[in-house]
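Accompanying notes for the structure given below.
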Amino acid sequence: MRIHIVNPNSSTGMTEQIAKVARRYASAGTTLDVTCGTGAPASIEGYTDEAISVPIMLDQIRAAETRGADAHVIACFDDPGLAAAREIAQGPVIGLCEASTRVAMMLSSRFSIVTTLARSVPIIEDLADAYGAGRRCRRVRAIDMPVLAVEEEPERCAELLAAEIRRARKEDNAEAVVLGCAGMADLCIRLTKETGVLVIDGVTAAVRLSEALVGMRYATSKLGAYAAPRSKAGGFPREVA
Amino acid sequence: MRIHIVNPNSSTGMTEQIAKVARRYASAGTTLDVTCGTGAPASIEGYTDEAISVPIMLDQIRAAETRGADAHVIACFDDPGLAAAREIAQGPVIGLCEASTRVAMMLSSRFSIVTTLARSVPIIEDLADAYGAGRRCRRVRAIDMPVLAVEEEPERCAELLAAEIRRARKEDNAEAVVLGCAGMADLCIRLTKETGVLVIDGVTAAVRLSEALVGMRYATSKLGAYAAPRSKAGGFPREVA
Amino acid sequence: MRIHIVNPNSSTGMTEQIAKVARRYASAGTTLDVTCGTGAPASIEGYTDEAISVPIMLDQIRAAETRGADAHVIACFDDPGLAAAREIAQGPVIGLCEASTRVAMMLSSRFSIVTTLARSVPIIEDLADAYGAGRRCRRVRAIDMPVLAVEEEPERCAELLAAEIRRARKEDNAEAVVLGCAGMADLCIRLTKETGVLVIDGVTAAVRLSEALVGMRYATSKLGAYAAPRSKAGGFPREVA
Amino acid sequence: MRIHIVNPNSSTGMTEQIAKVARRYASAGTTLDVTCGTGAPASIEGYTDEAISVPIMLDQIRAAETRGADAHVIACFDDPGLAAAREIAQGPVIGLCEASTRVAMMLSSRFSIVTTLARSVPIIEDLADAYGAGRRCRRVRAIDMPVLAVEEEPERCAELLAAEIRRARKEDNAEAVVLGCAGMADLCIRLTKETGVLVIDGVTAAVRLSEALVGMRYATSKLGAYAAPRSKAGGFPREVA
Amino acid sequence: MRIHIVNPNSSTGMTEQIAKVARRYASAGTTLDVTCGTGAPASIEGYTDEAISVPIMLDQIRAAETRGADAHVIACFDDPGLAAAREIAQGPVIGLCEASTRVAMMLSSRFSIVTTLARSVPIIEDLADAYGAGRRCRRVRAIDMPVLAVEEEPERCAELLAAEIRRARKEDNAEAVVLGCAGMADLCIRLTKETGVLVIDGVTAAVRLSEALVGMRYATSKLGAYAAPRSKAGGFPREVA
Amino acid sequence: MRIHIVNPNSSTGMTEQIAKVARRYASAGTTLDVTCGTGAPASIEGYTDEAISVPIMLDQIRAAETRGADAHVIACFDDPGLAAAREIAQGPVIGLCEASTRVAMMLSSRFSIVTTLARSVPIIEDLADAYGAGRRCRRVRAIDMPVLAVEEEPERCAELLAAEIRRARKEDNAEAVVLGCAGMADLCIRLTKETGVLVIDGVTAAVRLSEALVGMRYATSKLGAYAAPRSKAGGFPREVA
C-alpha cells in the first residue's frame, strides 16, 4: 500500500517531523511518499496562506497519483483543499482535522482542540462543525504561538500545550484533546503522559485512517461533488512552465 | 492485533456471514475473535431487542477483554450498547453504523442508508445524526424485509437492495449508499458492480477502523462518560449463574 | 387511573422516596403502582448501569401492564430504556429527564440542570438535546456526589445543590433549574425557597404529565418506532426462570 | 383548579367548539373559564391577524388572573402572544401548537402536522422548531381551506384532513398527526378511527397539560424573559376606554 | 427613494436620535419619513411591550405606504412585528437586529451583541438564531440599564458599553460587537474609536440595507408567509376611532 | 464610491454580462472596476476550478485595493476565496451566494436556489447553510447545463430555468428563487415576469449590498479570522514573474 502525505506548506523541517511521526505509526507494509509544497507559504496561518498553497498541493496530488498513490493525507490541520483533492484523486483523501476529530469522537464523548494562533480558532471551529462534532467539540483553544515557532521552540510549545490541555480538562471537562497543528505531532505521547489526558495527533490519525480506507477497498465516490474536474481552458491539470 | 467482533444477536448463520466478511477484509496480522449473543434475540429489530441483547453482549466484551482483545466491533447496525461497551473495554469499540457513516462521510459528500424494516428508520436516522451526518445523510430507506429474511432469501434481498440503491441515486442524489444491516455485508461488492454506486458495508468499515485505532495506539478515554462502571451491588460484572 | 412508577435501580430507600413524592403530587383519583429493579444495580451512574437495569425494568413494565397500568413513569433521570418501554406499553411512557425538561421549557426561556456525578453530564446533555432543549438548556452541572450519597447525606446534598443552583442563576442566567436525579425529589420545594429560583423535579413532572397524557385518552403510536417487539427466539417477553 | 381558555379570535362559533372539546377532556374538578377576542379578527391566518389579536388577548389574560385563573390556554394553533402572556400571568401558560407537538413527541418518534392554509406552513414550521421538534416533525401540510370554512363545512374539512393524514402516513412515515387549527378539535377522534393514525388535537393537549403544570404546583419563572412587564407610560395594563 | 423609519415606542427623544443617525448615514437622494408609536409604550423591554406596540406600528406602516414609502425600517432592536409588517408592505421591511447581525456576519467571522437589560438577552439570542447567526454570535451581553436610561445618561451608558465591548473582545474573542438598542446608535463611532473593536449599529445598518434592497428593485414576496392579510371582520386595517 | 467586481473565471463573455448587469443596478455615484481571472479556468464548476482560480483572484483583489477599491464583489456563485479576500481587503467583500441568500431571507420566508450542474448542488447547500439559511432554503436545484452553455444557449437556459422555478414554487413552496450562477444574471427580470415568482440575482444583490456596506462606513474587522495575512516566505503577495 502506498500512502502519499503532502505537507501543503514549504517548511522542510516540518515536513521531516511529519514524515518521522508518519513512519512511526504506519503499518509495516505501507510505503510512505512524503512531499511538501515547494514555493508555497512557509506555514499556513489563515485563509490566504491556504488559498496560495492549494494549487501547488493539487499538483503534488496529481503527481503522486502517477506514482501509484493508493490514498493521500493532507498534512495540515486546516485541511486546505480537501474537497478539491478528492476530485483529483481516485483513492481516499483525508486531512488532519477530519481524521483527528473523527478519532476523538470514537474514543471520547467530549473533546477540545488546541491550536497555535487565535486567528485559526474560527477556521477550526467551522471544520469541526462540518465534520459533525457539534457540542462534542467543547472548545477550540489557542496557545498564541506562530506555526513555525512550534518547530523552533519545541520546549516552550510543549509547556504551553500542557497548560492548555489541563485547562481543557478542568474548564471544558474535555475527555480528550486534539493537537491542532501538524507541527505538534511529535509532542503527542509526551503530553498524554504529562497531563493524563488522551492527546490525539492528526498525522497519526490520518495515516492510519487512510490505510484503513484503502484496506476496505473503497475509493472516493465520483458520482457527485467529488467527480473529476471537468476539462476546460485554464482548468486542471495546470500548465506548469 | 486481536479484534473481538461480537454479533449481539443469537443467529449463528448471521455470525458466520459476519465472520466471513471480516476475515476477507481484516489485515494479514489481525486475529479475529468472533462471538455471538447466545440467548439473545435471534435478530435485532427495534429498541426492545437491543435492550435484551446488550447485557449478554457486555458479558462477551468482558470475556474478550480477558482473552486480550485490543478492540471490539459491535456487529449490528443499531450499534446497541456502544457507550456501555466503551465503559467496559480498555481499547477502542466501534459499531457498524458509526463506522460506515464515518467512512461514507470521508468518501462522498452526500449518502443514503438502506436498511431492512421501516421501524428501524427513525433509529438509524437518530444514530446518523448523533454521529454528525446532518444533511450529508440524505435519507434512510427500508426494503421492508425482516432481518432474518436477509439471510434466508439473499437473492430477493439483493434485488430489493439494488432497486433501492438506484432510487437513492436518482431521488436523493446520493453519491454513496450504506447497507444498514450486518446481514447484508456479503452483498456489498456485487451491489456496487450492479448499480455503479459506491456501496459501503459496516462490517468491512468497522473491522478496518478498529484496526486503525489500535494502530494509532490510542485507547478509549476513561476521564468522563466512558470511565469504567462504578462498583456496586447488582452492578457490572453481572453474577452469571 | 393507574400509573406505574418503576425505579430501575434496586435501592429500596430511593424507591420509597420516589413513592413519597409521587403520592404527594398525584391527583386524588390516581392509583400509584410503584416498583423497583430487584436485582438491578443499586444506582444508575453511567451507560453500563443503565444497560443492565433495562431488561429487568422491561419485565416490570410488562407485569404492570398485566395489572392494568394506564401509563408508566421511568423514575431515573437518565431515562434508561424509554424507547423500549414505549414498544412494550400500550399507554404513554415518560422518563424523568424528558418530563422535567419539557416542563422547564414551558415555564422558563432558559434553564440549567444539576446532577450528581460529572460522568453523567454528557449523558444528560445528549438527552436534553434529543428532547429539543437546544440552547434553552444553558448548562448541565454536577455536584460530584454519587447517587446513593444523595440518600445517605441529604443535608450535604441540599447544600451542594443550593450552591450550584445559585451558580446556575448567576453564571448561566438560568431562570429555572432541573434536579437531575430521582433521589433529589424530596429537596425540591426547600431548594426553591432557599434559592429563589424555580426548581423542577422529575418525579413530580413525570407523574403529572403521565396523568395528563392518559386524561387526553391518547396512547403510544404503534405505527413505527414504538410498534410492539416482533416475536422471535430469545425475544421479549424474556423467559424468566 | 381554574383554567382560563382564551380563543384569541372573535369567532363565537369556534369559541363554543373549543369550549365543548375542553369540557369533554378537562378533569372532574377543573373549572373552565372560556373567553374570546371580542373585537379581534374573526380568524387568525397570518402574522398581522396575530398581531392585532394579541393586545386584546393580553387584556383577557389579565382579567382572568383577577378572576383567579391558575393557568391559561391560548386556543389558537399559532400560539400568538405566548411569551407576552407568560410575562403577565403568574401560573403556567400554554398554546395549542406547543402543547400538541410536545404530546406528539412523547407518543411517537416522528409526526406530521396538518393545518388550514399554505401561508401558515412556515409559521408552524418555525414554531415546531422552536419547541425542539427538529427532524421529529416530518412535515407541515395544508388542506388549503380558510379557518372559518373549517367551521362552516365540517364534512368537507374532515374529508380533506383524512386524505392528508393518509398522505402523511404514506409519504412522511408519520406515526402520529397533529391537527393544526383550534377549529378542528372536534374531528380528532373520528379522524383517528377513520385513518388508523394517532391524531392529536391541541385543545385536548393544552387543557390537560395546563392542569398538569398546576398540579405540579410550579409557576412561570419570573427571573428573566418572563418577568412581569416593567411599568411605563403606554405600557401594560392598557388604558381601555 | 423614500424610506419610512418607524420607532415602535412612543419616546420622542429616542425617535429624534434615530432620525439624526439615519440622516447621517442615508444616501444623498433618500427621503426619510420618520414616525413614532404614539400611544405605544415609552420603551420596549420585553414581549408585552412589543405586543402592545405592534398594532400601532402596523398602522404607521400602512400610512407610510399611502405616502409612497419604498421600504420600511423598524427602529427597535427586538424587531417587533417584522413579519406582520412584511405582510402589509409592498417593498422591503427590515428590523435593526436582522440588519445589524447580517452586517456583522459579512464583516467578521464571530461577533457579540451588547443590549440594555438582561431580560432581553434570550429574546435577542432567539432572533440572532432565527437570522442564522448560529455559533457566529458568540454571546449576547447586557449592561443592565433600562432603555430610557440610555437616553438620559448617555455618558454612563457609553462607559458601561465600552467595558462590555472590551469583555466581548477578551472573553468571547468577538471580532465585532453589535449595539443591541436603537437608543445607542449615536455612540457607535465613539465606541469603535475607544475600544478598537468594530462596533455596528442597527439604525445605520437598516437604513443602508433598506436602500440597497430598493435599489435592487426587489419587493417582498407575496406568495406565501408574507402575502397581504386576508380581509375579515376585525382584521387589518383596524378601524381607528 | 469604487466597487471592484472580480469574475474569478477567465470567460470574457461572462465578465461582460456581469458588468452589464452590475452597471444597470449600481447607484449613480458608483464607479465599477470590473476584472476577470486571466489564466484562470474558463468556468468554475467544482472545488478544483475554485482552488485554481482563487490565487489569481486574490492578485486582482490586491491590485484593485491599490486602485482605491472601497469594496469587492466576487462574481461567482460558489463564493470562491471569500474568506481569503476578506483577509486581503480593507473594505467589505461579498460573494454572489452570500449576497443573494441574505436578500432572499429578507424578502421571503422560504426560497429555493437553481444552479447549473448537479455537482454544484452540495457546494451550494453547504454555502447556504454557512450563511444561516437552514430550513429557509428549501432546496438547491440544478438544470444540468454547464456554466458556459448558459452563455452560449441563453434561450434554452431560460426555458430550463423557468421550468425549474415553477417546480420550486409547486414542490418546494418556494416564495422566491435565487439564480445560482453569475451567468444567469441577465435573465432575472424576464424570469420573474414569466413565472410570477420573485427571482433574485446574485450580481444585483452583491453590487447593492457592497455599496450599502461602504455607505455604513464599516470595514472588515481585522481582529481575528480576517486579519491581514502574516508575512512569510512564499506568502501573499505572491511573487508574480
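Some observations on this one:
Letters A, B, C, D, E and F name the chains as they come in the text, with residue numbers starting at 1 for each one.
Heads up, the rule we're going with is that a residue touches a chain if its C-beta (ideal position, glycine included) is under 8 Å from a C-beta of that chain, and two chains touch if they have at least 3 such contacts.
Per UniProt, the chains are A, B, C, D, E, F = Hydantoin racemase.
Model, not experiment: these values are computed from the prediction.
Listed here as common contacts of chain A and chain F: B, E. The fewest steps needed to get from chain D to chain F, moving only between touching chains, is 1. The interface in C-D, D-E or D-F that matches A-F, meaning over half of the contact pairs are the same by residue number, belongs to D-E. Averaged C-alpha coordinates put the centre of chain A at 27 Å from the centre of chain B. Touching of two or more other chains is recorded for residues 83, 109-110, 118, 121-122, 173, 224-225 of chain E.
Chain pairs that touch one another, listed by label: A-B, A-C, A-E, A-F, B-C, B-D, B-F, C-D, C-E, D-E, D-F, E-F. Across the complex, chain E meets chain C through its residues 118, 121-122, 125, 129.
In the complex of the two chains, the chain D residues touching chain E come out as 9-10, 37, 39-43, 45-52, 54-55, 58, 81, 83-84, 86-88, 118-119, 121-123, 126, 130, 146, 148, 224-225, 227, 229-230, 232-236, 238. Chain contact summary for the complex, chain E toward chain F: residues 25, 27-29, 83, 92, 94, 98, 102-103, 105-110, 131-134, 136, 169, 173, 175-176, 196-198, 200, 204-205, 208-209, 211-213, 215-221, 223-226.
Across the complex, chain F is touched by residues 109-110, 135, 173 of chain B.
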